[in-house]
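In the two complexes below, subunit A is the common chain; its partner is subunit B in one and subunit C in the other.
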Partner chain A sequence: MTSIPVPGLAGALESGLKPEEYALIVQRLNREPNAVELGLFSVMWSEHCSYKSSRRHLRAFPTHGKVVIQGPGENAGVVDIGDGQACVFKMESHNHPSFIEPYQGAATGVGGIMRDVFTMGARPIALLNALRFGDPADPRTRRLVSGVVSGIGGYGNCVGVPTVGGEVNFHRGYNGNILVNAMCVGLAQTDRIFYSAAPGPNLPVVYFGSKTGRDGIHGATMASAEFDAESEAKRPTVQVGDPFAEKLLIEATLELMASGAVAAIQDMGAAGLTSSSVEMAGKGGVGLELNLDRVPQREAGMSAYEMMLSESQERMLAILVPGREADAQAIFTRWGLDAAVIGRTTETGRIVLTHGGEVVCDLPLAPLTEDAPLYDRPHTAPVLRPRLDVADLSPPADWGQTLLTLIASPDLASRRWIYEQYDRHVMADSLEESDTGADAAVVRVHGTTKAVALTCDCTPRYVAADPYQGGMQAVAEAWRNLCAVGATPLAITDNLNFGNPEKPEIMGQIVAAIAGMSQACRALDFPVVSGNVSLYNETDGEAIPPTPVVGGVGLLADAARRAGYGRLKPGQSLVLLGESRGEIGASLYLREILGREDGAPPPVDLEAERAAGVLVRDLIGAGLTACVHDLSDGGLAIAAVEMALASRVGLGLAAPEGVSALGYLFGEDQGRYLLACDDVEAVRARAAAAGVACAMVGEAGGERVRAAGLFDLPLDRLREAHESWLPAYMSGAAA
Partner chain B sequence: MSVSMKAKVRVFLKAGVLDVQGKAVEQALHGLGFAGVSEVRVGRLIDFDVAGTDPAKAKAEVEAMCHRLLANPVIESFEVEIV
Partner chain C sequence: MRAAVVVFPGSNCDRDCQVAITQATGASVDMVWHQETVLPDRLDLVVLPGGFAHGDYLRCGAMAALSPIMGAVRDAAARGVAVAGICNGFQVLCEAGMLPGALLRNRDLKYVCKRVELDVVNAQTRFTAAFKETRTAWMTVGNGEGNYFADEATLDRLEGEGQVVFRYRDNPNGSARDIAGIIDASGNVLGMMPHPDRAFEPALGSADGAKVFQSVLTGLLEAA
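Our next item is the complex of A and B:
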């Protein structure tokens, strides 16, 4: 190992390691690592790969359940959807790259999450995105929205996987750190799931896909560091995605799996060849020898360090069944992919890399994987805010104007400008997507009458107000959205986005949010099967609002028995399920109309949540309603307007009873649904039996949306307000 | 009469950044039988007039345009020529 320099402590610090971590490496190895070895440690011990700050707390999540085939720890989670079929899904962030280069950052985020899913043996069938941007008035926001949206569309559309849903928020807290969380869902056969653990020694290791170049070196460590004003100027080489290569990779991978040649497989994501090879060998308890001269390279003269840390896209690493190398090569050739056997598994428990005829790295695997540092970082309990009483707020002078302002506010305005850039229908199984007016996307399991329902949710202003309640709410809202389309919720993936965990108050948010999410997952039988943690989302010491996004998946046994909120018919009665007390703290009304971000968030009652959700599914299943909308941002008034707009049918809300008009219209009490039905008595009877509060709140008909004595607005005017904000903003009008 | 100079800006992806378009063109050329082709890179040429007579000043101005609009300095490099 003569020609590789030993960078010492200074080099370690430069690559993002702490002095005590470097001391630990030296102690584990009993010598100083050389530059290549240090590169491996720096990425494997990064927050992104090691989860060193969060792992201890993530153990609180329930990860088992009767439908769970594979929980966290693999490339993606796997749940059983009956008939020998499985649904494979995961969400992952690409926050930092998307801020630096929004188009490619978002595009490669989509590519990366798809690889996680087809690596498990599943064909990707749907994509969703949870996006958070800064204040619309911030000069960078417009360019970031434009770049991210076209990047998502550009990649997903070219690969031919529909983008069916998602969510978008704007808040100044994301000015310096946008969030781009992409979720992919795929379908597989339960007896054809593929894993990453190397099954034994002396097996060939094959690299296939695109060539390795010098892209995105140290992406994983970048994802684990705070931004400062300089990092925009530093502009590291970002990865560029090639969706057509990804399509070839999907087909080749699935064909290779079907051929029986695959013993284990892993995609090359963050930290590329390093994390894929180390994780496969580490999980399998074997060793690994790789000859880097055989790695397909895009550029001449790449060093071992660059090859191991490159984040070039659209690459896979597989361990083959011995003797099947030629069959595999035939498949790669047919799909036009670069491929090479670059090494083999060994019995040594070490990773040995050779390059240019010399050994450039010889490390025991354990310190890179299970012996990586694990921190119990100090955390302080979040400071909670007092509950706001709606009676202390004076009502707006003009209810109609207030409603128009809210429905046109950045967080509620129509997302049409965004989703119209996405192919939502390719593969021809999208039954409900962003444009159809449903709380969750519904995608048919091809060739069956079954469908999966998909949603992603988080309300960051609740999490900021109370991380525990906010964490619960994110899970509960995902669960509610699935119930609202009639699906049985199965499991979730999560994407935990927070600031710097070395600050006790940020760590406190993380701990409390995870505890709240775990509590909700347990109460709702909604286990966590995969996830991703993105920390250090800070710029100049300013952290993002805590944003633990939940991606929920549910199952519809009969896709024909589903609900949406665009199915309102004139003459139908409107029924509100769930208790309304007029919770106004941390509400959208408070922020958008009064400019206040205070108060405790609406509390989540998990028992009531469960009862209401089960009841809604029962009502949909019994054919008593096909038009359901959950109540969330903006409360009853906004749910009613959205239902009327999507259905192109007006409605009238009755005067409030027992609550203030403000709480009635804009309160954000949890666990509630608005539904339309013909037979109110039948709904009332079932609600009474289920112990769920049920009130008739209005009637459908006409071309106006009215609330007795409060407002009366034509549908056209509401639609104009709802539809015009985003296109006007994107075309350069003032925020 | 206004005096102007011609600016030519060549924009290419930086070395090391995957050139998806170049790769596609290279594969298509191979498909057409041009076997000897390699290292294809696709860029763009932007050509316009700038008012003034001082080439150094014009060059500085065009470089500012490149940084802010004509190129994506995160992944692209550029060359400015004033004639």
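Our next item is the complex of A and C:
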């Protein structure tokens, strides 16, 4: 190893390691690592790859359940959906790169999460994304929205996987750190799931896909650091995506798997060849020898360090069944992919890399993976805010104008400008998507009458106000959205986005949010099967609002028995399920109309949540309703307007009785649904039996939305307000 | 009826077309890789599907138009086999010179995916006879380059000869004269940007697309 320099402590600090971490490496190796070896440690021990700050707390998540085939720890989670079929899914962030270079950052986020899913043997069938942007008035926001949306579309549309749902928030807290969380859902056979653990020594290791270039070097390290004024200079660490290569890679990988040639497989994502090879060998308890001269390279003269840390996209690493190399090569040739056998597994427990005829790295694998640091960072309990009493707020002078303002506010305005740039229909199984008015996307399981229901949710203003309640609420809302379309919730993936965990108050948010999420997952039988943690979302010391996003997956045994909120019919009665107390703290009304962000968020009652959700599924299954909308941002008034707009049918809400009109219309009490039905008595009877509060709150008809004595607005006017904000903003109008 | 769907690297509606044709007509559908030089025997319909053949690199459809299979597709059309290009397939047919005109970037320079209502301008073609009663159809579009362009003389000729078969009611992409689909002078070759392969049953929001494939089947039965 003569020609590789030893960078020492200074080099370690430069690559993002802490002095004590470097000392630990030297102690474990009993020598100083050379530059290549240090590169491997710096990415494997980065927050992004090692979860060193969060791992201890993530153990609180329930990860088992009767439908769980594979929980966290693999490329994606796997749940059983019956008939020998499995749903494979995961969500992952691409926050840092998307802020620096929005198109490529978002595009490669989509590409990366798809690879996680097809690496497990699943064909990707749906994409969702949870996006957070800064204040619309921030001069950077428009460019970031435009770049991220076209990046997501540019990649997903070309690969041919429909983008069916998602969520978008705007808040000044994301001005310097936008969030781009992409979720992919795939379909596999339960007996054809593929894993990454190398099954034994002396097996050929094959590299296939795109060539390795110098892009994305140290992306994982960048994603584990805060931003400052110099971040622009990190643009070269953002990878460049090629969706056409990804499409070929999907087809080749699935064909290779079907051929029986694959013994283990892993995509090259963050930390590229390093993490894929180390994880495959580490999980399999074997060693690995790779000859880097054989790696397909885009340019001449790449160093071992560059090859090992490159995050060039659309690349896979597989361990083949011995003797099947030629069969594999035929498949790669057919799909026009580069491929090479670059090494073999060994019995040594070490990773040995050669380059230019010389050994450039010889490390024991254990310290890279199992011995990665695990921190119990100090954390302080979040400071909670007192509950707001709606009676202390004066009602708006003009209710109609208030409603128009809210429905056109950045967090509630129509997302049409965004989703019309996404192909939502390719694969011809999208039954409910962004455009059709449903709380969750519904995608048919191809060739069957079953469907999966998909959603992603988080209400950051609740989490900011109370991380524990906010964490619970994120899980509860995902569960509610799945119930609202008639699906049985199965499991979640999560994407935990926070600031710098080395600050006790940020760590306090993380700990409390995870505890709240875990509590909700347990109570709702909604285990966590995969996830991703994105920390250090800070710029110049300013952290993002805590944003633990939940991606929920549910199952509809019969896709024909589903509900949406665009199916309201004139003459139907409107029924509100769930308890209403007029919780106005941390509400959208408070923020958008009064400019206040104080108050405790609405509390989550998991028992009531469960009862209401089970009841709604029962009502949909019994055919008593096909029109359901959960109550969330903006409360009853907004749910009613959204139902009316999506259905193109007006409605009238009854006057509130014995409660404040403000709490009644805009309170955000949890665990509630608005539904339309023909037979109120039958609904009432089932609600009574289930112990769920049930009130008739209005009826459908006409072309206006009314609330007795409060407002009376034509649908067209509401639609105009709802639809015009985002296109006007994106075309340059003032925020 | 016997049909084939050509698969280019980057095609992504190949399976959708296969399922739609089978469901609409009961036909068996062969998938034909672009590097083949012959099509299956006794074929009645060839579909060039949507997607991003060769990544749409260089220019949409430009490389696919030079694929080995395209000679056989051209010969089939000349023999009277129905050839339909949908979305990217329409772009390929234009690049191959089998249909006049070109598909440019959309008017507002963005990809657009939405439901569109179509007027069936000519319901006397082998692809549209089943629309004779309704003369209208709901389908979806999903494209970044769906803006149909041809010179004025060509557009006049297409309209004069009944070669414009589908027109948008609310033009989503700036297409000349609201054109959504055309046929060639022989009537054997159809190109359309909207996706009949995504509108073949009510669960997908519309079953109108099935009529495109059913028209071909009915034509065969009547000729037999």
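Just so we're on the same page, the second predicted complex is superposed on the first by the 732 of 735 C-alpha atoms of A that agree within 3 Å, B and C clash if a C-alpha of one lies under 4 Å from a C-alpha of the other, contacts with A are read in each partner's own complex, and residues count from 1 in each chain.
In this section, a contact is a pair of C-beta atoms (placed from the backbone, for glycine too) under 8 Å apart; a residue touches a chain by one contact, two chains touch by 3 or more.
This is a predicted model, so every value here is computed, not measured.
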More subunit A residues in contact - subunit B or subunit C: C
Subunit B versus subunit C as contact partner of A:Asp338, first or second or both or neither: neither
Which of subunit B and subunit C A:Arg214 touches, first, second, both or neither: first
First (subunit B), second (subunit C), both or neither touched by A:Ser312: first
First, second, both or neither for A:Arg444, with subunit B first and subunit C second: second
Touched partner set for A:Asp242, first subunit B, second subunit C, both or neither: both
Those residues of subunit A which subunit B touches in one complex and subunit C touches in the other: 242, 244-245, 336
In the complex with subunit A, residue positions of subunit C that touch it: 9-10, 12-13, 15-16, 19-20, 50-52, 54-57, 110-115, 140, 142, 144, 195, 197-198, 200, 203-205
Footprint of subunit A on subunit B - complex, ascending: 13-20, 23-24, 27, 72-75
Residues of subunit A that touch subunit B when the two form their complex: 100-101, 104, 210, 213-215, 235, 237-242, 244-245, 298-299, 312-313, 336
Subunit C contact footprint on subunit A (complex, rising order): 150, 153-154, 157-160, 242-245, 247-248, 335-336, 419-428, 430-431, 435-436, 444, 559-560
